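Paired with subunit B in one complex and with subunit C in the other, subunit A is shared by the two complexes that follow.
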Partner chain A sequence: MNKIYKKPKYLAIFTLPTLIAYIIAFVVPFIMGLYLSFCKFKTIASAQFVGFSNYMTVFTDTRGFIRAFIFTVKIAVVGVVTTNIIAFIFALLLTRGLKGTNFYRTIFFMPNLIGGIILGYIWQLLLNGILIRLVGVDLTFKASYGYWGIIILYNWQKIGYLMIIYIAGIQNVPGDLIEAAKIDGATYMQTLKSIILPMVMSSITICTFLSLTDCFKMFDQNLALTAGAPRNQTTMLALDIFETYYNRVGFAGVGQAKAVIFTIIVFLIAMIQLRITSRKENN
Partner chain B sequence: MKKSFISITLAAAMAATLATGAMTVSASDYTGTIRWLNYKPEVSDQMKEVAAAYTEETGINVEIETAASGTYEQTLTARMDSSDAPVIFVVDSVNMLNTWKDYISDLSGTELYSYCSDDAYTLNDGNGYIYGISYALEGWGIIVNKAITDAYFASPNKSTEYTSLDELYTFDALKAVVEDMTALKDELGIQGVFGSTSLKAGDDWRFQTHLMNQPLYWEWGGNENIDLNGKVPDFTFQYNQEYKNILDLYLNNSVTEPALVGTKTVDDSMAEFALGQCAMIQNGDWAWNTIANTDGKAVKDEDVCFIPISCGVEGEEAMGLNVGASQYMCINSQASEEDQAAAADFLAWLFSSDTGKQLVAQKLQFVTPFTTMADAEYTNPLFASENYISSLGKTAYCWAANLIPDQTWKDEMGADLLAYAQGQMEWDELVETVVDVWAEEEAITNEG
Partner chain C sequence: MEAKKNMSSLIIYIVLSILSVLFVIPIALVVMNSFKNKLYISTTPFELPNSTSFVGFKNYVDGLTKIHFWNSIGYSLFITVCSVALILIFCSMTSWYITRVQTKTTAFLRTLFLTSMVVPFQMVMYTMTKTANVLHLDNYIGINFLYLGFGAGMAVFMFSGFIKGIPLELEEAAMIDGCTPFSMFVRVIFPILKPITITVAILDAMWIWNDYLLPYLVIGTKYRTIPVAIQYLKGGYGSIDYGHLMATIVIALVPIVIFYFACQKYIIEGIVDGAVKG
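Now for the complex of A and B:
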């Protein structure tokens, strides 16, 4: 069997369909996008090359991209930490053989199945209802309301998903290791710190990677929950790119340039994070 | 005599048959689809009825796609790049025309243009190239539920001397009446005089665009001095206090508290009006469809009328509603010749055939500039009210707001108005911000 794959003829036959699909759906649009970021255009057919001026605009407009970037970083830092910690705690609780474990796992996972737009509108109603009752204002009143709104929404949506990954990791910890630790007199905290955590390091890598890239790419939740209100102070990167591209006449090229920068940022951050956590994994 | 009459009739009938025959022949050759990217969400269902009626009569497929409120240009951008780009689309201003010029074919040779009563209702280059023809002459002001104001005027408890809507053409009069009505709101059975000031992002156009018409009109020196086909003029917000006058009146005498207006949509506000929860609302004649189709509508058709917006500028008692042509139909020059021809035939049919005219007047409720539509009968009571106000000799404001540089400015203005309503922003800071943003966007728009 092995030999068949090694023959170039077969190799081509087996990989070609995927390769073609990949080229059509990813490589070509990416290169076109890269080219368009150096152009002024309304529709793709009418693009005119303008050099780096789009990129200059991106970095000189402090109210747009840079503000959105800072806000996104703030969301990402808090969002990644809270979702991962809470998901891990849930995973620990739901691997202890408690009654109704499967039921709870299903319940916690379910929010993840609902689309971000719908979630955004539902949470907007909920949060507005609470805020109006308690403070007498709504989500658009202060940027910090929108900020915490997004964090709460994101936690609610993603915890279940990350929890499932952590549960799989924790279940892979060999029972005899934990038993041996128990016999040696280790407390639960010691077991957690010295056995479970190192053993689930690969899950942590995956989960932090997923939540980090997720936070940076967040769009629909942001659009539905705050749409940038108040005064674009809660606009995240993806929404800012969308607004620039579609809502600002003559700024499609700038939007495209923002998207290219965005891709590079997300790529770099994800790479650095993978490097760091996988180094820990190997230790 | 009689004989010749018969022969003329016969000849005419024959000519008509021939003409229709010719039309059907050319029509039946066409197998494509006429795509119309509709600008007006409030008539999206009615537009589909129009499409179905045309398909039934001619067998030609018409597809209507409607862009959500406030997203027309972004939808158009996306659709123009697709292989099934719209053949008929809408341009709402000179600024938008400049962006899309390369996609617009000349309508001067079309049948539709021959129906158009005046070039003022077209977008043109001054040399006979017709980019677009308006299909909707629209007016806006403050829509009033006369039943409630009449109840107020008849009330023994009122403390103003005003007794009719005809006296409310100055801001002082309007303010006095509105504030007194607020004091008597329980007696009048309303929750507020004005419907909610809908400042939710995307629903703020009544204020960041339409209400801006007043300060822009006065700052730029009125109908004689405003060139609607020209470049974006400078803007200092000279009449910001007057704008604030009317805005504060809306906010403080409303169904909804000022701090909560960020949750309100135009639909919410229109529902309040239709259900009789408020007496007045700033909107235009296009809102009639929404009012008429509200479940549980309490306001009677004959009670719906307009009064002009006044904000305290000297001379405004001589002014009427804001009236103008907006939304010009264009035919996509990048579409195939057959598609363009089919689209032109369809538009000619829509505004001149009996079925089409019926649909335009009764369903779409467009007041059009077409001579063929002169005998159309409308059901919208706001049109009658527009005629009444101009019969009083009041001058209509032109749509100065069409010269607002772009959506970015409007969004900034809307967001700032919300912050102001919530008490998060001082008025002076708002004025300074929007004037600065105007300067930036003006440069971008005029240069492009």
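Now for the complex of A and C:
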């Protein structure tokens, strides 16, 4: 490339605006956050270094982070499995060459555009209505109600999204492969198992990790639908960090330590995904 | 054989139709309840409005004025449009530069920008809010600058991936014609980036429009965007007025639905693109 480009003037013109914004919004807060996780503080100016004591509190307080972690894992396991299976079935139904399937695709995808806060209140109305009619209590009565509420909401929100990715994957399966299988007398289930499934493995990997990270980072939906009720039993990780930070006096440092652990968890998931995807590409 | 095939097609249509009704019911329910008196909403949400529970547009008129919801729509629109514009302009420039000019500095910048993609917001929420306060970015103008910083990771990643695929010849020809790098970027490169620009615009517009925590923490006490206003309706008062809540949700859904049906093709393509690459 031309040498003119390398002049500092052009480096500055092209990268400085983004870089300054990035440093202010992310780099500086990230480093400060890392440091504050080892401090006790009310304001940043009054921060006192306390070593690992915040982290110790995180792991010994079983009703806080650990409970939120277990609850989040439970949401993630069931949420990932249900959304992916249902989305895959939807995708199969919509790729059978029927006319007018675009309409259904449009409808199924729509909830994905609605923000988490609004979604939460939409489902609160619906689920509370059903629960009050059937058992006479609302979502806040039992942790299991909130749990399944989040699962249902998450399915409604994400199925259309994952479905679109699966549709793209299925449409990439060469048509003549499926034709050949048909001529050889394979049933639909056999074609699905031996041809379609192996060929959409990369879509399955993408969708699994998308929904997994999504579940771990879930905040808005959790806040609007249950806000942790009853008694923080339906609090997920992100909400637990927020609550520790802003609603427990003197726990800001612990909240920041939780945030660091949370970051490590999300980072590990991303690394595992990267590993799996690059291994596939090498094969 | 043919009859059997028709039969199975019919079954699929029926199944799909039932499923789409299930997908629409929650929204229809909110719309229906937005016309009912608040007393009838939480107890009997499934009953159609009748002569005692029907209140016309009362919830809309009262709800919108009480929490200044028109202002919220204004803030949301302004912030979304400005932030997306900033991200598109500056991140496309940055991405082109760090992709085309291969030095140690640009390699470092690339890694630096991508780091934020794997860091959850909670990690920086407190310190970022404090930084924004100190620098007086805690208003509806300054917040756009924060969104530029936060959106940079994903945008740089997407733009760089696209730029790698553009042949160098075009740029070399423009350079020989005496273009400066800046005018070359504006005239030659930016137009070529159109498809990826649309994708990034859609992904970021949806993110910023629906974002709750960042605007709540940074500008939430003075300027409430739509999600913040709706959550405030719930949390700010002792008892929730479900009538107002339903009406504001319906108003908040209208722009999303219009946007979706107007550029559905781009939205679906863009989102899949983002998912597969990201």
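Just a few scattered comments:
Keep in mind that, in the parts below, the second predicted complex is superposed on the first by the 238 of 283 C-alpha atoms of A that agree within 3 Å, B and C clash if a C-alpha of one lies under 4 Å from a C-alpha of the other, contacts with A are read in each partner's own complex, and residues count from 1 in each chain.
The working rule: a residue touches a chain if its C-beta (ideal position, glycine included) is under 8 Å from a C-beta of that chain, and two chains touch if they have at least 3 such contacts.
Bear in mind that the values here come from a model prediction, so they are computed numbers and not experimental data.
After overlaying the two complexes on the shared chain, residue contacts for A:44 are found with subunit B and with subunit C alike. Looking at the shared chain after the overlay, A:260 reaches subunit C, while subunit B stays out of its contact range.
Touch criterion met: A:252 reaches subunit B and subunit C at once. By the touch criterion stated above, A:128 is placed in contact with subunit B and with subunit C alike. Once the two complexes are overlaid on the shared chain, A:236 sits clear of subunit B and of subunit C alike. In the superposition on chain A, no contact is made by A:76 with either subunit B or subunit C.
When subunit B and subunit C are set side by side, the one touching more residues of subunit A is C. Judged by the touch definition given at the top, the superposed model places A:141 against subunit B, while subunit C stays out of reach. By the touch criterion defined above, A:218 lies against neither subunit B nor subunit C after alignment on the C-alpha atoms of chain A. By the touch criterion defined above, A:200 reaches neither subunit B nor subunit C. Residues 44, 128, 132, 252 of subunit A contact both subunit B in one complex and subunit C in the other. Residues of subunit B that touch subunit A in their complex: 71, 73-74, 77-78, 80-81, 95-96, 99-100, 102, 200-202, 257, 259-260, 262-263, 406-408, 411-412, 415-416, 418-419, 422, 424, 444-445, 448. Put simply, subunit C touches subunit A in their complex at residues 9, 12-13, 15-16, 19-20, 23-27, 29-30, 33, 41-46, 86, 90-91, 93-94, 96-98, 100-103, 105-106, 109, 112-113, 115-128, 130-131, 135, 137, 145-150, 152-153, 156, 168, 172, 175, 180-182, 185, 206, 209-213, 226-227, 230-231, 234, 242, 245-246, 249, 252-253, 256-257, 259-260, 264, 267-268, 271-272, 275-276. Across the interface of their complex, subunit C is touched by residues 1-2, 4-6, 10-11, 13-15, 17-19, 21-30, 32-33, 36, 44, 90, 93-94, 96, 98, 101, 103-118, 121-123, 125-126, 128-129, 132-133, 156, 160-161, 164-165, 168, 206, 210, 217, 219-220, 223-224, 238, 241-242, 245, 252, 255-256, 258-260, 262-263, 266-267, 270 of subunit A.
Listed in rising order, the residues of subunit A touching subunit B in the complex are 42-46, 128, 132, 136-142, 227-232, 246-250, 252.
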